[in-house]
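A, B, C, D, E and F are the chain letters, set down in written order, and residue numbers restart from 1 in every chain.
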Amino acid sequence: MFLPHKVLEQKLLFLLSEDLGQGDVTTSLIVPENSVAEAEVVAKDNGVVAGIEEGKILLESLGLKAEVLVRDGSGIKPGQVLIKMTGNTRKMLSTERTLLNIISRMSGIATTTRKIAETLKKAGLKTKVACTRKTAPGLLYFDKKAVLIGGGDPHRLHLDDLILIKDNHITVAGSIERALKGAKKNASFTKRIEIEVTKPEHAVAAANAGVDIIMLDNFTPKRIIRAINMLKKAKLYGKAILEASGGITSENVLEFASTGVDIVSLGEITHSPCALNVSLELVKTRFSES
Amino acid sequence: MFLPHKVLEQKLLFLLSEDLGQGDVTTSLIVPENSVAEAEVVAKDNGVVAGIEEGKILLESLGLKAEVLVRDGSGIKPGQVLIKMTGNTRKMLSTERTLLNIISRMSGIATTTRKIAETLKKAGLKTKVACTRKTAPGLLYFDKKAVLIGGGDPHRLHLDDLILIKDNHITVAGSIERALKGAKKNASFTKRIEIEVTKPEHAVAAANAGVDIIMLDNFTPKRIIRAINMLKKAKLYGKAILEASGGITSENVLEFASTGVDIVSLGEITHSPCALNVSLELVKTRFSES
Amino acid sequence: MFLPHKVLEQKLLFLLSEDLGQGDVTTSLIVPENSVAEAEVVAKDNGVVAGIEEGKILLESLGLKAEVLVRDGSGIKPGQVLIKMTGNTRKMLSTERTLLNIISRMSGIATTTRKIAETLKKAGLKTKVACTRKTAPGLLYFDKKAVLIGGGDPHRLHLDDLILIKDNHITVAGSIERALKGAKKNASFTKRIEIEVTKPEHAVAAANAGVDIIMLDNFTPKRIIRAINMLKKAKLYGKAILEASGGITSENVLEFASTGVDIVSLGEITHSPCALNVSLELVKTRFSES
Amino acid sequence: MFLPHKVLEQKLLFLLSEDLGQGDVTTSLIVPENSVAEAEVVAKDNGVVAGIEEGKILLESLGLKAEVLVRDGSGIKPGQVLIKMTGNTRKMLSTERTLLNIISRMSGIATTTRKIAETLKKAGLKTKVACTRKTAPGLLYFDKKAVLIGGGDPHRLHLDDLILIKDNHITVAGSIERALKGAKKNASFTKRIEIEVTKPEHAVAAANAGVDIIMLDNFTPKRIIRAINMLKKAKLYGKAILEASGGITSENVLEFASTGVDIVSLGEITHSPCALNVSLELVKTRFSES
Amino acid sequence: MFLPHKVLEQKLLFLLSEDLGQGDVTTSLIVPENSVAEAEVVAKDNGVVAGIEEGKILLESLGLKAEVLVRDGSGIKPGQVLIKMTGNTRKMLSTERTLLNIISRMSGIATTTRKIAETLKKAGLKTKVACTRKTAPGLLYFDKKAVLIGGGDPHRLHLDDLILIKDNHITVAGSIERALKGAKKNASFTKRIEIEVTKPEHAVAAANAGVDIIMLDNFTPKRIIRAINMLKKAKLYGKAILEASGGITSENVLEFASTGVDIVSLGEITHSPCALNVSLELVKTRFSES
Amino acid sequence: MFLPHKVLEQKLLFLLSEDLGQGDVTTSLIVPENSVAEAEVVAKDNGVVAGIEEGKILLESLGLKAEVLVRDGSGIKPGQVLIKMTGNTRKMLSTERTLLNIISRMSGIATTTRKIAETLKKAGLKTKVACTRKTAPGLLYFDKKAVLIGGGDPHRLHLDDLILIKDNHITVAGSIERALKGAKKNASFTKRIEIEVTKPEHAVAAANAGVDIIMLDNFTPKRIIRAINMLKKAKLYGKAILEASGGITSENVLEFASTGVDIVSLGEITHSPCALNVSLELVKTRFSES
């Protein structure tokens, strides 16, 4: 998901502009034009940091110097300085909230993702944690990137990069077989095909039909095991990637992951992330001469 | 915060476009062009619904018929149908996730807001709950509107509608007095002035200087009471609106609200909302003739 | 109304792009690619300059060096050099008109505003002059900023930063009282409330109801005095800010301002400004070697 | 300058959006969602109306019914109803100011243009009045269209539709001859070539070189006559269109026009237009049932 | 690649706007506002039509009625009417060129694609023809969709939907093995992995490493056969999809396709398409009364 | 057609963004963040290069150094290095395809244009070759600029810079005379007027009416000669520019050009250009230390 900085800058300035409206009326009343400051973005929580690259790009696009003290994906603790910046104080204060909102949301997502990823790893499992498209509307890029930084799989990036046949598609097609037949025949060779199934026997049918990924939707761990056993019996286990999805939370994720699926995916990582607290603190201010 | 539907439609289509990328590759493979469906947006959780107006506008802008069965702000329960829609199935399925993401985020925010608002009301308090600018980046409009629907105060809409003098502004100005002097002299008569204070005695100074709103930042309830007592003693209580902010959560909100402040504001309402679960279910599909 | 330069740059490039169309066909025919020039923006009129900050940002965004010789808000006279620039001649000539249009409109607005502000000041009045939302469509930011530079009050920046109850709102509500009741109950604590009244007794009712600002709409000076006397009698004078609006021009403004209102607002400042004449003059041209 | 309505609608919604910010906070507090109104746009001044087409498109794009009672270009008088509209009151009130700003600016421009055009006509002259590119920044389309409606010539629409060699271009080229040589050789056959001259003898040189249009820049009427006499002597009068520009105002325009030039162009028409006063008046309001 | 019409409409209006500039100056001079016409889009060449859906959306978005007489993907012949439209003549004429440019480019691409697809089919081959990302810049959606309509595979839709490891990536990684190791370990499970190889033995290495698709880059047919033989020997033939790319044209495509590869991809389909000639003909015009 | 680089940069980043989608997934998996490379854009075909200026702006806007080794309009041959670049490898690889697509399309157009221009020149003709508005949709600027670089005339840049009365306009007007009468009377003096005629005698009528340019539409060379003879007889030859259009290809262009017309215009130059092959080759890669 690499975007050249200039392109990412445009997304960031769009977010900033919304917050600015016709301009920061407080800063222009109180902060002199030639005020120059040193400031720090400081963590207030433990967690995994993300959004540092975005923060640096945003600050630099405004003409501020930004020194990054921690890389995206690092563990951070309260009091730790994440970014040091120097430059025009007005610019800093008018971008403070947008900057912090980006870092705190992305870090919140990365922190939760990392926690789950490590739970699975510690349990000796190879299962990967993935997010879904249940992001904040309009923030697909930022939410998915935070998942990546946390060690998760970003899943689909939008509607054009994976053929994912869901319940409603199957309803329209009439059956799994018919849905798959159409898809297999006409799908671009560049795309994987995933299908959502609601019964263990459908998983067998899907594997038989040669899909790349099978999503076991809203299966209990027990039911997942049943599906896997049926796949093993049919000598189809391992032929398709198995993704468990629906009803999985950070609490019960281990139970799902231990069943033998390849992927566990959780909506909550991106639809209900807990923001990580960060703040911007002025260290020094002075007046520039020019 | 009224936006004519056409203007809101543009924001919504922007969100949808991000998710579509170059188009929905699954739907075009499986769903025939002339497939027509009836579908429902169904609640899966208890809560307060929001985003229904936005959902209706989005669906109608795509040429789908949308019948709203519940108004924004209503309490909903699992299984309840929120919107009924009919029309082209491809359009429905390609907008499903964006639609649900909007409704589930906004409803999550409205639900938390309402819960706090009712806690305060039941306790016989007139204190109002407010959110902050700690929203998802780029979603100020939607997050603030959801707070309104939940019965909260949206606080600043961006940086141009309130003069809010924060710690960093005071640092630059040198003192509360100097910050306020500049602000009072040059501020537009159309704007309120709020100042963030960190010590009870500063609240008195601020009230004395004639600010409209005093934000008691990161005060414990005890300390808030001390500030209020000092204001009463100085016969300044009631002259400025008092807002408590920082460290307030849905758990401890009552303790803060009972101190006598006018407003309690919580970042978590918008920076860490818990999405309310909703889904889209096809009820019937058929093929249109034309 | 502080906007970081990068954000302001985007607004300015948008204005420039409109004028460029598919490109400057004259310049590419006549001015060699490697032509380099020194040029000056020169005043042709007396007045108060504005738009210099915008001009500098625009020129620098194109890669031209711009030295500002006069700050926004200064008095200027014919022949005075406002900006010196050096760089690629093609860039200069293709941006000349947009640059001059911005400076001449903003300076025209600032000049009129300053003239009125000084008339009031010389008369020993504290009354402030304000503009309205009657700007050139799409130029709210620039027009309002020019008013600020001229020493006026920018009034509302758009529809979201002040609750301003106008005649048509009162008509819908049924009465001033009903309009105010709804507004007071549900308005965000961050916003001032202003109401437009057409009769002196309504001013009293409004002050009684606790509005922040009362707009005396289309009152003659005599009538304003009557309203003020009624307010004094009711001991309400001074409780709300008084704004006189409608029918006020730079000719009669003193008469209105002397009545004792706090604010006089004039549409003409922004809807019919007289542009201040400025031109761009090449001082030297040469060919660069690279 | 025909733009399909859908395309013009996008320009208009852009202008409206700026004014709306995060939404109309007054209207949503006071005007119920189901309020429906009849309203009229009423003239308050005498003049020539313009912007009616734009107004209709804007209103209809929001879902309001708009009946146009007067066509762009008609003479109007105080009290005259220009547009009748019916529909959702919230939509009306939140678009009122943008609508009126467009109509009043465009009508102001059309009115001045018409006045000059008729002055020339009454004097029995065929001279045409033109505007320049000295418009409000970003409003080229609207300002030029208003000039057309007023009976004037819109001159260049932007930098790509006419080769107009100005003083600064000649400075870079070294001489009129060299500037013209380059231009004539490489210019597209689809474009006219105009050159700005500052001395009568240059007009002869330009006509000799075969330009399409000669701009007599900052010539007094006397000097224009001298130039024309020299052209006649050289049998070049009539070969090129003659445009007088610079220092021409609505007061002295007749003097310039009587010299025998084809075009008189005035910056003031678009850089300093006097807005024509129009207002929006609610006629009736009621509550819709759905 | 399904896009809801409203979203596609926005892309189309963007294309139209570029062509309109400040408006169609010819049409407004000659075609009366109330002129209404019937017109037809008529084919002038044999081929496969595409862009009909886009044309209909564009016309309808402008308020014209459009009746489609032929579906995208149909064979057409000179004189055949593709779309019948009725409505405002000004709108028709100002959108004519954009409409025809879209249909003629897309039809040109579809025609070439179909020709190749049928050549392969007639030869009894199952090989599929694909395009590349060598499209007209900015027209990825339209070019890829035209390929689909012609019966080809659209290949990658942009840089985010397939992991395609090209020569330059391998250079950076140091070797195929190292490139693949990194990719396999960290790639999202939702994406296929393709690798470009330049030697037959590399194809074996890639298949061994478990890639999904192997691109035989700039291989002669002979060399492709050698690679396939090596894969067969290693029992790896059939494990990965084989794509031949580079140097393939509509003339030599059969030779490449007969080697046994699954996909032949040709840049020329989209980078050098031959536009199919279509024109817009007025059938009838009249004046509407309103 | 000069656009300041900053404005052109915005167009280029828009094209790049489409191709990037949510980001380059291959590059981020394989190319380390601190990889730095030297690379070259190398020609693979003979031809005339164009798009070099655009390429340099695009690369530099991303923060890459770009050294241009050949100027737009130069002849190039296979193996020739066009641009050398150094900088971050990820940025290079993610922009490679957009960069090459721009250069190869523009060079293809310039090459064809030059070939025709030289054919005419070698034949001793002064006839100029022009393109039409039959460009790739949305690429008017790039296509027209490539024609200019190739030595052709760009013709109209969009619908607002020339009054070009086509068959459909004449149909609506009723006759050539009526079409011309309206146009001549109301057209801006800044615009040329061109009319499309389908019969030799209409050319005479048009010349008589004083149009600037006559387009002989779909005339055979023989018929063109007849028209010219009729014009000569009427002593109108030379009064209007003669453009032959329709049915002209690079094969038969000489035949048309020899008739005595001033301009031959060909749609194929821009609607069916043959892309010139260029590639990007990494020369050296290393890891930067910071």
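General remarks:
Throughout what follows, contacts are C-beta pairs under 8 Å (C-beta built on N, C-alpha and C of every residue); 3 or more make two chains touch, one makes a residue touch a chain.
Model, not experiment: these values are computed from the prediction.
Each chain gets a centre from the mean of its Cα atoms; the one farthest from the centre of subunit C is E.
In summary, the pair subunit D and subunit E forms a contact in which the copies contribute largely different residue numbers, shared numbers making up under half of all those used.
With centres defined as mean CA coordinates, subunit D is found 51 Å away from subunit A. Measuring from the averaged C-alpha position of subunit D to that of subunit F gives a distance of 32 Å. Averaged Cα coordinates give subunit C a centre that lies 22 Å from the centre of subunit D.
Centre-to-centre spacing of subunit B and subunit E amounts to 43 Å, using the average Cα coordinate of each chain.
Touching of two or more other chains is recorded for residues 1, 20-25, 27, 94, 140-141, 157-158, 160-162, 188, 191 of subunit C. If touching chains are joined by edges, the resulting network of the protein chains shown connects every chain directly with every other. Touching subunit B in their complex are the following residues of subunit E: 1-7, 10, 140-141, 144, 157-158, 160-161. Looking at the complex, you find that subunit E touches subunit D at residues 13, 16-17, 20-25, 27-28, 31, 61-63, 90-91, 94-95. Those residues of subunit E that touch subunit A in the complex are listed here as 1, 128, 130, 153-157, 160-162, 188-192, 194, 213, 241, 243, 262-263. By the touch criterion given at the top, residues 14-15, 18-27, 29-32, 35, 37, 39, 89, 93-94, 96-98, 100-102, 104-105, 108, 133-142, 157-166, 168-169, 171-173, 179, 182-183, 186-188, 191, 267-268, 271-275, 280-282, 285 of subunit A touch subunit B in their complex. Across the complex, subunit D is touched by residues 21-22 of subunit A.
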